[in-house]
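What follows is a pair of complexes built around subunit A, which joins subunit B in one and subunit C in the other.
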Partner chain A sequence: MSEVRRPTRGSWAVLSFPLAMLTVFFLAPFAIMFATSFYHRIEGGFYEPAFELASWERLLQGVFIERTLFSIGICLLAGAVCIVIAFPFTYFLTRMRRRSHVALLVLIMSALALSEVIVGFAWSVLLGRAAGISNILVWLGVMDESAAYQPSFIAVLLGLSYIAFPYCILALYPQLSRLDPELTEAAQTMGASPWRTFWTVVVPIGRPIILAGFLLAFVFTLGSYLIPAFLGRPEHWTLSVFISDQATFNANVPFAAAMALFLTVLSLGVVGVVTWFEGGTRR
Partner chain B sequence: MRALKWILTSFVVVFILAPLIIVAVVSFNQNRYMDFPPEGFSLHWYAELWNDTGWRDAIVTSLLVAAASAALAVAIATPMAFVLRAYDIRLAPAIFALGILPFMLPPVISALGALVFWSSLGFSGRMENIIISHAIFFSTLPLITVSLAMETMDPALPEAAQTLGANPRTSFRTITLPLLVPSMITGYAAAFVLSLNEYIIAFMVSRFSVVTLPIKIVNDLRYGFTPTIAAVAVVFILIATTIFTLFALFGNLLKFLGADPAILERER
Partner chain C sequence: MLARGGLRLEGLVKRFGDVEAVAGVDLRLPPGKLISFLGPSGCGKTTMLRMIAGLERPTQGRVHLDDEDITDRPPHLRDIGMVFQTLALFPHLSVAGNVGYPMRIRGAQKPEIQSRVDELLGLVSLHGLGDRRISQLSGGQRQRVATARALALEPRLFLLDEPLSALDANLREQLQVELRLLQQKLGITTVMVTHDQREAMTMSDLVVVMNEGKVEQVGEPLDVYRHPGSPFVASFIGRTNLLRGEASDGLVRIGGRPFDVEGVVGSGPVTLSVRPEDAHLQTTPAPEGNALTGRVVFVRDLGELFECYVDCGLDEPVVVAGSPRERVDVRQGQSVSVAFPREACVVVEG
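And now, the complex of A and B:
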């Protein structure tokens, strides 16, 4: 609606319900979480109001720094796997015949709608000893004995890439479908091979969305809880698993709160970079 | 390049389908333990989904939570999207950012926030708590769909109603709201599906006393795989595929995903 009016008392009244809900159930929990991060933890799972920096000091210790670096590393890797496959795939996809184009999009959207619970379960079956991929290889006579490929680093990486991949395609799709076919045709008329055209025309034009898609996949995998918990050993846990574990099984809520606030700052930083970058390319 | 196109496309299709196919095969196994190659064919594990009270209760709880939280999410998002687009409010970008923030952050943050919030109020472990926490987290989806509908709405329509003597309230009720209904339904459906699938927020809020379907699956997995879990997975996969196939057949999936209008014209 382009007709924009000055806000009236009525418009503020209409806005008051959503604002109240977000303030009470989103901002207030954040404030309580912030306060809790300074609370004193009592052994056995409780905490009492206090002001101490113990939980924040733990953020400077070895275990946490190691978890943070591991999380950033594996999520950057998953983001890279996604974008390296998703970018050429989406480029080909937008140039396919209508029927296969739509069929592949239905497949990708269905994968996107799957719960992390289902994806984690499916991959643990596929990589497991009981009914997994190794059983097919044994059945075909390629292998002598079935083997388990999870829990492992590769299993976590595959699972994280699987959940972020459809989102990555969705981020690339609108722009790549708008890529003027005349540009690639012109390059090929001038004698460039399709391969050379892809590298010298398509990739440079796509650079901003490649970066945006990569960083979005990174933030998305950073939020995954079940994939590292299902498919990895404790040394493969990311910050999300570590935070949940501290809050529930270890019952150290103040430390979990401090880590959650750190993760907030980290994610907002990356989202900020994406927004700034997208704003920059639009101008 | 042509070869690369086929190799890459086949690779993506196999990558996406392989885990799903294995799960489907396992779900038809006659045996209680998962085996491959499967022995016999049986629909027993699908029947157990409904006959076993544990699974049935989890399904009913999840459907209730998803239906109620999606409704509340639409109720939060619609007035926000309307006022922010229809009126000139200086804080509009900040308020809109507040609306999409919950969904942008890793869910474990909202989950922990909800955990400390509900336990500081003294009542935790109720279904209403999950409904409210899910509604806040997923209100971003209807906020986006309804805001897009407000942007594309013809401003002449409510203007005409008001020129003809309708007061702002009547013109909203008889003109604007009916035009927003499709986007509210899309936002509701998206919030419903994601709430049905959500684990970590529900788990931290429920404190072991409310069991939704994802919580039930994860709890059962702690005791090992069963074909029943595979049967649940297949039901979820079929629901997702059916929804998007119908969307592709009867709706305009390509346009919804932001395809270039020129592609839509291309007839081959």
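And now, the complex of A and C:
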């Protein structure tokens, strides 16, 4: 058992730098945004300090509630898609020989260098009629003529899953690479096939990180606004698209601020509920 | 349980890249016995065990269990029970969950699992601890859980990979005895890997001494101890004095003195092994026969054992050991002689 040590003056000194950075670059903007959400919007122009609930009241309109539920739904789904692919993928990656597994990891991480704009365009081309994957299917004789798969719900889901996938792997990799290989070997000596070993040993032991990876993908995709805007119709837009829309095109910063705060609180709420639920089933 | 067949290894070779971990091993291991692979780390003993378990594919050679070739059979179809060095207990399951795991995999019913788990926990003296989490157990208790789990399906072969290495010395000795008694009670063919010669001698019916991927010697523990076949075996199993000399006319000249040793023929360099407890310390001048004179460099009395290091002008000091009750009173720097009885001198090389 490691004893909990009280912070000394030295450790406070070390902590003060990140604390200051956190205050300046996170807490302060957050506070400003919070204040802005109560400001008064000047039609067709800017906004001025005030205290009014107009922006918050507008949030309660049916369309925004509906958008919020849709956003949470599609992002939970994207998180699920990510984790379902990323967990077995990362597990088998860590069981590969060192050299090939590092090479693959670098390849996947290089996808992080792509901006969301490029990813969005790439998918819209791939799923489009003119130069998309359906042309390959036509060439192979599987289909009669090329088709467009975007804009659509599936296209948005695919795009969101794509951008969150590398992060998901990053969240899973450290833990899975430390999983003692003797645990799975032990299961095999006791009669479990590799498949059963995966389900009865690897997945249950990996449960906390599966949850962590899932939540990471969820929160990450919730903040994406380019992908839904590129690959979806307006009915597939998430709240993030509306926030950027309000802030940049409608110049309604107070309403955008209110929506952003609302989204933050809601996503924290979802994370809290899922974590609590997971904690409950583990006991 | 009645013992069947046994284990036969046929020309086993394992290469990892350029490294030959196991370099051609042929062995026949009798059923119902406990066999130890003993050797220093990196000698290939764990690789051997892993090939028997099916966790490692042999580069060459075959593994037969009960006259059945199991070389190409995956581990989960081999009907073995194995205790790993890390014990490999599942942290997400309780004690009962761990012990019952193999039965759950076989699709056994809950009540059946329950009663078998109780029986197994009784077997390893862990009555009533089924609900504990693994993290709540002591080192010795974890070891017992791992043992119970490995034995749950009454395997044909019980494999132990340095099963007690994580425990402190006293507990280790105690569990060596327990494990051995359990193995004898069940009569299960067991292969153990260890680097601890005391452990091997405590527990084994048969010891296989390995070095650099090869089998150096196979035999009953005491036999290997008394009649080591090579300098390596002599110094790895217990402690010994290796005396290097030159043979001629049936005698061995060591440190300028002629030694009368059994089994010396021809001439050339010869190495003798004499166990410290077989050598005798004398304060009188060297008697005729197998003896050397020298100066005491170090003395220690461990309570159960008295030891004296004597510099006789050889490469290394000669160690003499005995019961403290028969202790010869000597001081550092004192001139003494060491006698090596004829029957205690074993030719290990030459």
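Operating definition for what follows: the second predicted complex is superposed on the first by the 227 of 283 C-alpha atoms of A that agree within 3 Å, B and C clash if a C-alpha of one lies under 4 Å from a C-alpha of the other, contacts with A are read in each partner's own complex, and residues count from 1 in each chain.
Please note the rule applied: contacts are C-beta pairs under 8 Å (C-beta built on N, C-alpha and C of every residue); 3 or more make two chains touch, one makes a residue touch a chain.
Quick caveat, the model's predicted, so the values are computed rather than measured.
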Once chain A of both complexes is superposed, is A:205 in touch with subunit B (first), subunit C (second), both, or neither? second
Using the touch criterion from the header, give the chain among subunit B and subunit C with more contacted residues in subunit A. B
Between subunit B (first) and subunit C (second), which, if any, makes contact with A:118: first, second, both or neither? first
Between subunit B (first) and subunit C (second), which, if any, makes contact with A:15: first, second, both or neither? first
First (subunit B), second (subunit C), both or neither touched by A:193: both
Residues of subunit A contacting subunit B in one complex and subunit C in the other: 193-194
In the complex, subunit A residues that touch subunit B: 1-8, 10-11, 14-15, 17-19, 21-22, 25-30, 32-33, 36, 85, 88-89, 92-94, 97-98, 101-102, 104-111, 113-119, 121-126, 128, 130-133, 135-136, 139, 162, 165, 170, 173-174, 177-178, 193-195, 198, 219, 222-223, 225-226, 230, 240, 243-244, 247-248, 253, 256-257, 260, 263-264, 267-268, 271
Listed in rising order, the residues of subunit C that touch subunit A in the complex are 53-55, 74-78, 80-82, 84-86, 88, 90-93, 101-102, 104-106, 149-150, 152-153, 159
Residue numbers of subunit B touching subunit A in their complex, please. 1-2, 4-5, 8-9, 11-13, 15-20, 22-23, 25-26, 33-38, 75-77, 79-80, 82-89, 95, 98-99, 101-102, 104-117, 120, 132-133, 135-136, 139, 150-151, 153, 155, 158-159, 168-169, 193, 196-200, 203-204, 214, 217-218, 221, 225, 229-230, 232-233, 236-237, 240-241, 243-245, 247-248, 253-254, 257-260, 263, 266-268
The subunit A residues in contact with subunit C across the complex are 180, 182-183, 185-194, 196-197, 200-201, 204-205, 207
